[in-house]
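The two complexes that follow have subunit A in common; it is paired with subunit B in the first and with subunit C in the second.
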Partner chain A sequence: MITTIARKEFAEIVRDGRFRWTAALVVLLLVTALLAGWQRYAAYSAVQAAAQGATNEQWLKQGDKNPHTAAHYGNYAFKPLGPLAFFDSGITSYAGTAVFMEAHKQNFAIGRPANDTSSIARFGELNGAMILQVLLPLLIVFLGFTAFAAERESGTLRQVLSTGVSRGSLLWGKALGLGAAVAVVVVPCLLVGGAVIAAAGLETAEEGMAARTALVALAYLLYAATFLFLTLAVSAWARNARAALMVMVGFWAFTAFIMPKAAGELAKAAHPSPAFGTFMAEMKAHQRRGIDGVSPFAKLGRYQGQLFRQYKVSRVEDLPLYWTAVRMQKLEEIDQPVFDLHYGKVRDTYLAQRRLQDRIGVVAPTLPLRSISMGLAGTDLVQQSRFMADAEAFRHDMVFKMNDYLSKAAVDLNGVNSASRFMIANEEVFAIVPPFRYEPPAFADVLAEQVPNFALLGAWLAAAVGLAVLATRRMDLEAR
Partner chain B sequence: MLEAIDLRKVYGGHEALQGLNLRVEAGDIYCLLGANGAGKTTTINLFLNFIAPTSGSARVNGVDVAQNALETKRWLAYIPEQVMLYGNLSGLENLEYFARLGGHDHYTRADYEGFLDRVGLQRDAAGRRVRTYSKGMRQKVGVAIALAKQAKALLLDEPTSGLDPKASNEFSELLVQLKGGGAAILMATHDLFRAKETGTRIGIMKGGRLVQELSTDEVSHADVERIYLEHMH
Partner chain C sequence: MYRLIMTHEARTLARTGSLWAILALLVAAIGFAAWSGARAVDRQVRAATDAATYEDGERARMRAETEAYAARVAASGGAYEFATVRHSPGEGPPQGTNAGAVGAETSVWIALPPTGLAALAIGQSDIQLNYLPVKMGTTLEMVKNLEIENPVSLQAGAFDIAFVIIFLLPIFILAITYDLLSSERERGTLAMILAHPVSLRALLASKIAARAGIVLAVALGLGLLALLAVGTALDAGETWARFAVWCVATVLYSAFWFALAVLVNVHGRGGSATNGTILAGAWLVLVVIVPTLVSLVATTVYPAPSRMDLVVAARDAQTAGELQMQQSLDRFYSDHLDYVPVGDQRAMDFLTLSQANAANIEKQLLPLYAEFREQMHRQQALVRRFQYFSPAIMMQLALNEASGTSAERYEDFLDQAFRFRTQWNDWFASRFLRREALRPADYDRFPRFEYAPEPLPAALGRAAPSLAGLLVALLVVAAIPAGGLRRYEVAAR
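On to the complex of A and B.
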């Protein structure tokens, strides 16, 4: 019975003029978006690999110099993208993809493609995720708003219900038929997209690519089904097809356009992120003041006293370590907690903003979907923070290794003026710093972060189905 | 087959049906006559459970409609003033769809074509989209749906209004065939001539009441018209 109804719905939808132009439009945009995403991804990955290689090479071949100066010369970390980033580029364009790692300073990421584009980019990049988040629900609304309303207006609803078919069967049949019509448009495009990634045979440090892809697909399926049942519910409940269309387009605009922007503003108001200038000024002041109110120079003095007692000496010249290097490393360690505190606060603020936005998903299902999509594609804030943390750990290690080498290798320079000129290291020494490698977070951690969002989407679908069942049960047979 | 027992329907303060008692047996064509608003369509809607009775009971095959709506609809076929079909599907596809909804999914294509032949729909028309059909053709598909459903009872709501005399005549002949097959037919109509010609019994309704019942074989055309007009004054 349900398949009979589904087949008839499908035939009717596909024969309608609406289907041809909306399907053509969606296919065109989706294919364009996937190709554009792929092209952007391929170009980015090539540049990223080349740049990381070049910067590693530059580090080694920077020329013989004092190791601490080498740490100043520094190194770059470039964030690699996982294969799913071609489908959802997430915050990549805004968050920065490269970090300069140098002695004494922790830096923000640079390399934000969005900075180099016109304001049109603020509408979001054309990528597959955006099309599915924004246009897929619109396709469902356009193909589905007449489902019950037009049958009521034309009188076929009476005719159909006179046969003794149950309203429940009618609802499930229509849902299946509409779902099939939407799938006919969208699924082939996605299969082509999937085939492109598979054919490219990418290597990635991310684990569980198959599971990630399946979960992303599940999230979009939940989202699409939510819109499908909401559309059927409103079609059954609305005064007429026009009203059903108005209500659903209104809801679509609310969840897919207004809320993603509004939730961002709301989250910013609730958890204000500092301005760049203020942030830097506060951190520098805190650095001078010392994390615990004891100034770095007082700490250095104490440390020197400690070392003198430890080695039972009273002059820098008698220390078995090169004091200038030891001092610089100690300064690094004194500053580290200040950096960690301030950068950590910014990161926590952004994460709090993100979580609040996810919770606003209670009124707009596009929000949790967006988070799941970028989270699993590896292009969200959590992975950006992970990249920044990796870069910071690398920076710390690089500076430590250079200072440590210097402190041991240049003991005889203690007390010599402008000693840095005399201690020259070469490529062999620089090679004790391994090339930068980004370790993406474990799949289980990525997934754990998204569990509440999956729960939200599940709740949306359950509510939509409930509404549809209720609306069809109570639906009027006559146009009002 | 069709039975109304003290059937009442009140809308707001308006009593659309005031205690209707009526029986239509297998092989009967019972024609309901009356002005617009007399309660004819309300009666049919109650048999289809499209509306709930205020009190009393509508029964099909002895089963109460309000309590067993889906079961009683298995025995019913409904042909309104305008049979509503899906414009983007062909006549054949519409017939198949409605037959399947009615629980008959065992027919072959030849069976469906047979039904359409019996109601006199041209073969070439059967494959065309219904959007292009005349009203008469739609009504024929409606009868084919009733045939395919093997309905024990038919509810017809002014099915011939707006049909040209030839189409109207063809439709009436189909009803006589269905009657011969043992169906109970309840038809609301304004056509006194057809009521006398094809009906077996006539009920005249006024203001929600059944005011008189006649057997068509006991009265002439002139009598039907005279009695009807007397009631309308």
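On to the complex of A and C.
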């Protein structure tokens, strides 16, 4: 029985003029978005790889100089993207793409693509994820809002039920038919996307690509099914078809447009994050007075005394280490907790904001879906923080290696203060710093972050199905 | 007759729950948007103050040291001398006597002040750093920093009043107009009304006028309230001129959507549900799809230059500059013979070197950066031409200009900042290279940045094409129904 109803529903939807137009639009946009996303991903990755290669080379070929000066020259880390970024570019345009790694200072990422593109780009980026998050639900609403309401208006609803069909099988049959009509539009496009991944040989490019893709697909399926059952519920419950349409379009605008922005504002109010000027002023003041209220210079004085006692000497000239280098390294270690505290606070605030936005998903299913999609595509905050952490670890190691080398190689310069006598190192010394490598977070960690979001989407679907069952059980058979 | 229908319409509307629900939503949305817009502007302004306060404090500390030193010198009768640069506490004259240390190790923060309407349309102001650190060094160093904010929120965009007007107001307008004629036809009342001496045109015009009157009065009234609540510089004529632009844009934009609803009502073959689907689709296409497509086409055809490439090129320039350090120092002194320290032909300290180096790097970098900016401007000018594809884009650009949060106003600020950087750099570099000791009184003579507000006509000139485009779109959409009205079937078949 259910399949018969499904077949009838499917045939009816597909024959309707609405289907042709909306389906054509969605297919056209989805294919365009996937191809454009692919082009953008390929272009970005080429530039990123070339830039990283070039700055690594520049580090080595920076010219003979003092190792500490070399650490000042530093290096850049450029953020690589995982292959699924072509489907969901996430925060890529709004996060920095490059980190300058230098002695004495931790830096924020710079080179945010959105700053260099026209303000028209603020309307959003056309990518596969955007189509599936925004247009797919509307397609479902457009194809499904008449499901019960139109039958009621034309009087066929009573007739159908009088033949002995249960309300339950009518609901499931209609759901199946509507689902099939949507699938006919979307699935071929996604196969094209999958073919692109396979053709480019990317299915093994990142850890757990197959599982990632499957989970992303599952999340979108839960989301689409939620909209499908909500549409059927509203169609059964509403007074007429146009009321059903109004309610569903309203809900769609609410979840897809209003809530992502509103949740952002609410999260910023709940967990305020400092602006650049405030951040810098607070951090520098903290750096000056010392993490624990003891000034860095007082700490350095104490440290020198400690070294003198350790080596049983009474003046810098007798130290077995080059004091200037030891002192600079000590200064790094004194500053590091201040950096970690302040940059860490910003990172934690962003993550707390993101989590709150996900929780607001209780009223808007687009929010948890957005997080799952970005998270699994590797274009999320988690990956950005990981990139920043890797860059900071690299900076720390680079500065340490240069200072450490200098402290051992220039012992004879202790106490010498001259512009003409200082240690000069060459490429061989610079090569003790291995090139920067970004290690994406483990798949299991990414997934763990998204478990609550999957639970939220699951709850949404359960609620939508429950509503649909309830609404069909109680629906009026005749127009009021 | 018009009056009679209009009052009747207004009364009927007032009794329907949906109008009140929609107006309540509009009030809530604008209230929330005003609150979040004010928070965003406040955050920017506070950050500019915090940064400036910290660095001014650093200079005040240096000045206090030079004052103490001057008093010591006066008491002991010694000479007031110039300190060499060092990075740890020590004996001798304080660092504040060294113009190089003051000019290169402290920054003066200069800010782009928000206009009175900044809280109404955040525009690009959330990603632009609206305050910049000026010190000796290179131009690129000055503009390398970004305003920081959660990228997830930046990507979603601000919930400001511009968003409510551009995205939500059309939905509200369409919600009360999509069944303007079709519902009366479906109920059979249309034929009855037209049996009276009323033309369809008059009926339609009155219905639209009643709705437009209510929506516009509420939207503009709320806009005014929002301006009074979260706007600044309310006593300046400029603020009100900007608000006038804002109102004109809102009226044109709303009128466009009303006209579109009339068009679909008059020409739509189906019933209310079909009209609703068509109008919802039109909203989706004009407000969401076309802007993203335009942005996609524009950035693909005219890609913005890559910052990554600029970083690499800048480092090449830096390396080249450093490799020639020795020569560059010679060249520097030969260009500035008057600066060669007396009796110390080869005197080098860290700052002299870095000064020579920075000047050298700046010389190599400026053309690169100029080219980068030019390419960006070209791209953005080309992209601006695509705005005519969607009233939403025209509206956004017009509101950004009216609120002073456009990329163009920021670029004007950058130009002023670059000129000031040169001034600041020259003031300190010349004194430093002459080894001229800074005295406490010199601290009052540092160059000061005075933001020269962009003349209002410049902003209006940039908003004009967008407003003209909106007007043309409105006229085109409003002109089409005229013909269809005569052939409109007043009874449902």
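What we mean here is this: the second predicted complex is superposed on the first by the 471 of 480 C-alpha atoms of A that agree within 3 Å, B and C clash if a C-alpha of one lies under 4 Å from a C-alpha of the other, contacts with A are read in each partner's own complex, and residues count from 1 in each chain.
FYI, a residue touches a chain if its C-beta (ideal position, glycine included) is under 8 Å from a C-beta of that chain, and two chains touch if they have at least 3 such contacts.
Quantities reported herein were computed from a predicted structural model and do not represent experimental measurements.
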- [ ] In the overlay, answer first, second, both or neither for which of subunit B and subunit C A:236 touches.
- [x] neither
Open item on the list: By residue count, which of the two partners contacts subunit A more extensively, subunit B or subunit C?
Closed with: C
TODO: Check the residue A:334 against both partner chains and state whether it touches subunit B (first), subunit C (second), both, or neither.
DONE: neither
Open item on the list: If we overlay the two complexes on their shared chain A, which of subunit B and subunit C does A:261 touch? Say first, second, both or neither.
Closed with: second
Open item on the list: Taking the superposition on A as described, I'd like to know which of subunit B and subunit C A:94 touches: first, second, both or neither.
Closed with: second
TODO: Name the residues of subunit A shared by its contacts with subunit B and its contacts with subunit C.
DONE: none
- [ ] Can you check the complex and tell me which residues of subunit C touch subunit A?
- [x] 29, 32, 36, 39, 43-44, 46-54, 88-89, 109, 123-124, 127-129, 131, 144-159, 163, 167-168, 171, 175, 179, 271-273, 276-277, 280-281, 284, 288-289, 291-296, 298-300, 303-309, 311-312, 315-316, 318-319, 322-323, 348-349, 376, 379-380, 383-384, 386-387, 392-393, 396-397, 400, 406-407
TODO: Give every residue of subunit A touching subunit C within the complex, in rising order.
DONE: 18, 21-22, 25, 29, 32, 36, 39, 43, 47-48, 50-51, 54-55, 58, 61-63, 65, 73, 76, 78, 90-91, 93-98, 100, 108-126, 130, 134-135, 138, 142, 145-146, 150, 240-242, 245-246, 249-250, 253, 257-258, 260-265, 267-269, 272-282, 284-285, 297, 300, 346, 349-350, 353-354, 357, 381, 384, 419
Open item on the list: Can you tell me which positions in subunit A touch subunit B when the two form their complex?
Closed with: 1, 4-5, 8, 11-12, 15-16, 154-156, 158-166, 477
Task: Of subunit B, residues touching subunit A in the complex - done: 48, 50, 70-74, 76-78, 80, 82-86, 88-89, 93, 97-98, 100-103, 105, 149, 155
